[in-house]
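The structures considered in this document are given below.
In what comes next, chain A is part of two complexes: it sits with chain B in the first one and with chain C in the second one.
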Partner chain A sequence: MSSSSSPMQSTGRKLKLKSKDDETFEVEEAVAVKSQIFKYMVEDGVSNGPIPLPNVNGKTLARVLQWCQKHADPTITEDELNKYDAGFIDVDQAVLYDLLMAANYLNIEELLKLACMRVADMIKGKSPDEIRRTFNIKNDFTPEEEEEVRKENAWALGP
Partner chain B sequence: MDRISELPEPILQQILSLLPMTQGLQTSVLSKRWRHVWTNFPVLEFDRTFFDAKFSNHSDTRESIPERLRKRDELFNFAEQTLLIYRNFKGIRRFTLEISFHDPELASLFDRWIGYLLESNVYELKLGILVLRNREWYNLPGAVLAAKSVTMLTLSNCKLRLPYSDIKLLSLKKLSLVDVYIEDEIFKNLVARCPMIEDMNLSGCCGLKSFEVFGLLKLKSVEVKNNRELEKVEMQVLNLQSFEYSGRYKPCEINLAPCKSLKTLKLCMAAITDEWFHDHFSEFPLLENLALSDCRMLESIRISSHHLKRLLLCRCDFLVEVEIDAPSLCSFKYNGDTIPFSLNSPALLQSDIHFCLSVIDTAWYVQMIEFLSKFNHSKLLTLQSITGKNMVVPNELRESLLPPLYNVKHLKLKIHKPLMSCATEELVDSLLWISPHPETLFIESGFGTKTFKFIYKKLTERREDSCGCGCRSVPIICWRHCLQEIEVENVSEAEERNKLTKFFWKNAKILERIDGLDSEL
Partner chain C sequence: MSLTSSATISPPWAVLALVAHHLDPRTLAIASCVCKSWTISMSSDLLWKPLCNNHFPSLSDIHFTDFTVPYHRLYAIGHTAARRRLQTPRKPLLSLDSLIFAINIRTRTSHIVSLEKPGEELQVVPGGVFKFDIDVNYESPASMFDDLGDVKITWNVILRGWRGIFTMMDCEGKVSFSPGAEGWFSEELPSPGCCSSEVASGMVADVKLGFCGRRSESGGGRKVRAEKVSVGILSIVNWRYVNMDDGLRYLQHFLVPSDV
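The block that comes next holds the complex of A and B.
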């Protein structure tokens, strides 16, 4: 499967990408350079073969490229972009982590920030127990260790 | 499975940086990994959420004053202890202190805290220290303006006052001064000693009379808004890309001519004349975004630009004519009168028009329709109206005038006061005269957006039967003749639905189906 190509005006140059599970994608340069990694590659001149991305699977790469395309569109308004982002990041935890790792690996600052804000929103307002439940975090403190930490933070953790 | 804890430390720290500090601190009790991430995380924010969480006045009014003072002292102790711990932490990424206080003795406490964090090479510093006594200010310690490591500095509510020994902000990239007191001399020194600066914002400040910037090769973006005593703005910055100005308090002389790289220019309440505008505009060949609002000295302007993409002209109440020649323009927003208007913008994608209050008589409608016809090529057109009544074109005029927007594909009417608006089918009737063959029609208000999607049958020949809508003089076939299907969303009131259903079935001659308007008819 190859991804949709951009309908916008462009230089016409495309980059070929290959995900870790061997899916290939063709993407306009103007869209790909949302990722700092591709930006440098484009500036330095890139070979003809597809760029291998051993750390990103096809499904996630498809999503990321879709986001990049939307954000590279010059006619879209800020309102529409915000609405799009809100819908885009409303995904389950597994997808969210894949997006975080991909945005980090591909160095796409805005997407990374969007995903981090979503996680932060999932943490906000919850007690430590609730946070542990939401994310399946195992409490590996001994009761004494935990007491010590609580004492140190006593001020912020008060009633 | 717990995947979140396995995220790399920098990502977890970025997530923590988006949480209020108290909550961030709480995560240190989740597990050993989280404790580790937090202790390596040099961001401190003592802002309103921190102080309010523990020191809220509103909850218990029965709390005695000594009790409140004790709480406050506990709070301050915690902050001070934390600062002392972090003092040895070379490279605190971010520090925020936002507080308001009465007691003048506290000033020296905050001086001390600032001293601690300056020792730890803070990168992003936000200080907002407001004295709740009339006309009194917190004097910012001079050392802040000599902090070598600071890349982002935001100062609010304090006073920057002579004498300052050595101003030197060698790493500063972003400077924001909001509601501060700063004198011309200090500002001049400040601006001369931050060579790396990229972004400057000066808003609501007192004391400063003259904003003059020379050199500064990296400066890209400047905002100067509503500074009380500002009389002069002089920018000689070759690489400046964006300049925004707002002058609520007094007229100010502005000179930007040397900034040839300017891409974005936004002027609000600026005392600029037609002559100033034309002289300056020709100096900015790369301009892409232009916004002029509340510039009441402008009367007649001509804009000619190859690069201009976005234009906003709002509430320049004394404009009597506008000429625009902008082949790359794709977005236009207007708020004003139905003045003579000339527009060459073949690439226009979206337009937003709000006619200001005026006497609504026949002459006004004629002018309004003439004005709208200039935007016929816009793909999406939004009309803003308080009640929508001024968009209901009188029937007599519909017979003698040409529908202005027959090429517009998507028409939206935004109503500001929906409770005072006229009936929906009256609006739809008039909008469908204004734009006789739209793909979608939206009526938006605070209550939601009513959407009408129109599907037409392709007619091979023009129907000759008259329908009294004057559509024969228009180069497209009006909806009455070819509308086949309608999809409606968000029309909820029963009477509204009935009336609209009746209206469509009566007027659309080959209509087969309406979706979304289930009524008893």
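The block that comes next holds the complex of A and C.
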């Protein structure tokens, strides 16, 4: 039916959301439906009272809604959106993971992709040791195990 | 990337699982080597099955033969196999400069052609094939009444400095001693030692001999001389001369010591 980019559906109705740490947010329907979950809720007419979101904290939800707001804006150009996204996702690792999980939970495909690509870029082109350093991961292989896994993946590790 | 200032933390398993779907096969394989939990996240069949089926559709049925082979392993060997098939041979270690061609064509009584030509003086034919036209200037004895005569042809390739020698051709044949005639000789080349002689080399040494001359006015016979000798390596698979690099690589097996 209506895609999330049909701007003139704005009925002025707002949705009430409640984060897991009890912060409440009011957001226009047109913005909220960036999330597939809210989209279905709105379509099914189930949007009375604040919707509890036990998997997202207030700070993250605020950020996510900001992103949705920007992306629901019909006047913004694609160039501006790209610039915005680049700045938006340039955050600390902890925030990044929260955003990623929230986008997944709320089923916001574009935001999920944005966050995943960001993490993916931190992994691509690096050696296993460099990846460990990027994410502060401990190498928990025994020397034999490491030898084994490197042999298994020699095709990718070699020149 | 501005993530150097903040504390670096390991992504939660759920994040990894989602990100893994956005990684290419090579990155996934490298990421599998980071730590044990990453090995599990980055090598699941769920991830690798579509990758394997997309890149190596010819292998997609193998999993039914043996359920225990993980898809990431199938991908790895598929990748290695594809690369091996695409391998190009290495540049030959020999160059024409390091070779001398020694060609002898003789009858029972005399030499028709006896020459030693250094590689760098060899005229390379256009097209980059292993075939060389050599001009000759030899007078044959005038009194030759037989149209056809027996000849013996030897073609040796010498590694400069007399460090090695390989006999390309050592055979006998018949040739017509008349002006404008051309003799054509070929002899199968042996397989290089790295494969058994059951696998034929598929190549022959090829020598063409051309004469020119004129009848003697006194009516006694004809004066002919060898005008041109062409030598080369011919593939009997497609009846074309092999290219220069292939010819040099072949000779390499016999002239360059130690494993090539």
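Rule of thumb we're sticking to: the second predicted complex is superposed on the first by the 148 of 159 C-alpha atoms of A that agree within 3 Å, B and C clash if a C-alpha of one lies under 4 Å from a C-alpha of the other, contacts with A are read in each partner's own complex, and residues count from 1 in each chain.
The working rule: contacts are C-beta pairs under 8 Å (C-beta built on N, C-alpha and C of every residue); 3 or more make two chains touch, one makes a residue touch a chain.
The structure displayed is predicted, hence computed values, not measured ones.
Once both complexes are superposed on chain A, the partners chain B and chain C clash.
After overlaying the two complexes on the shared chain, residue contacts for A:140 are found with chain B and with chain C alike. When the two complexes are overlaid on their common chain A, residue A:75 makes contact with chain B while staying clear of chain C. In the overlay built on the shared chain, the residue A:100 is in contact with chain B and with chain C.
By the touch criterion stated above, A:86 is placed in contact with neither chain B nor chain C.
In the superposition on chain A, A:116 makes contact with both chain B and chain C.
Across the superposed pair, chain B and chain C both touch chain A at residues 93-94, 97, 100-101, 104, 112-113, 116-117, 119-120, 123-125, 127-128, 131-132, 135-141, 146, 149-150, 153, 155-157.
Within the complex, the chain C residues that touch chain A are 1-3, 6-12, 14-15, 18-19, 21-27, 29-36, 38-39, 73, 76, 79-80, 83.
Within the complex, the chain A residues that touch chain C are 90, 92-94, 97, 100-101, 104, 112-113, 116-117, 119-120, 122-128, 131-141, 145-146, 149-150, 152-153, 155-157. Contact residues of chain A toward chain B in the complex are 74-75, 77, 93-94, 97, 100-101, 104, 112-113, 116-117, 119-120, 123-125, 127-128, 131-132, 135-141, 146, 149-150, 153, 155-158. The residues of chain B lying in touch with chain A in their complex are 1-5, 7-8, 10-11, 14-16, 18-23, 25-32, 34-35, 54, 74, 78, 309, 330-331, 349-350.
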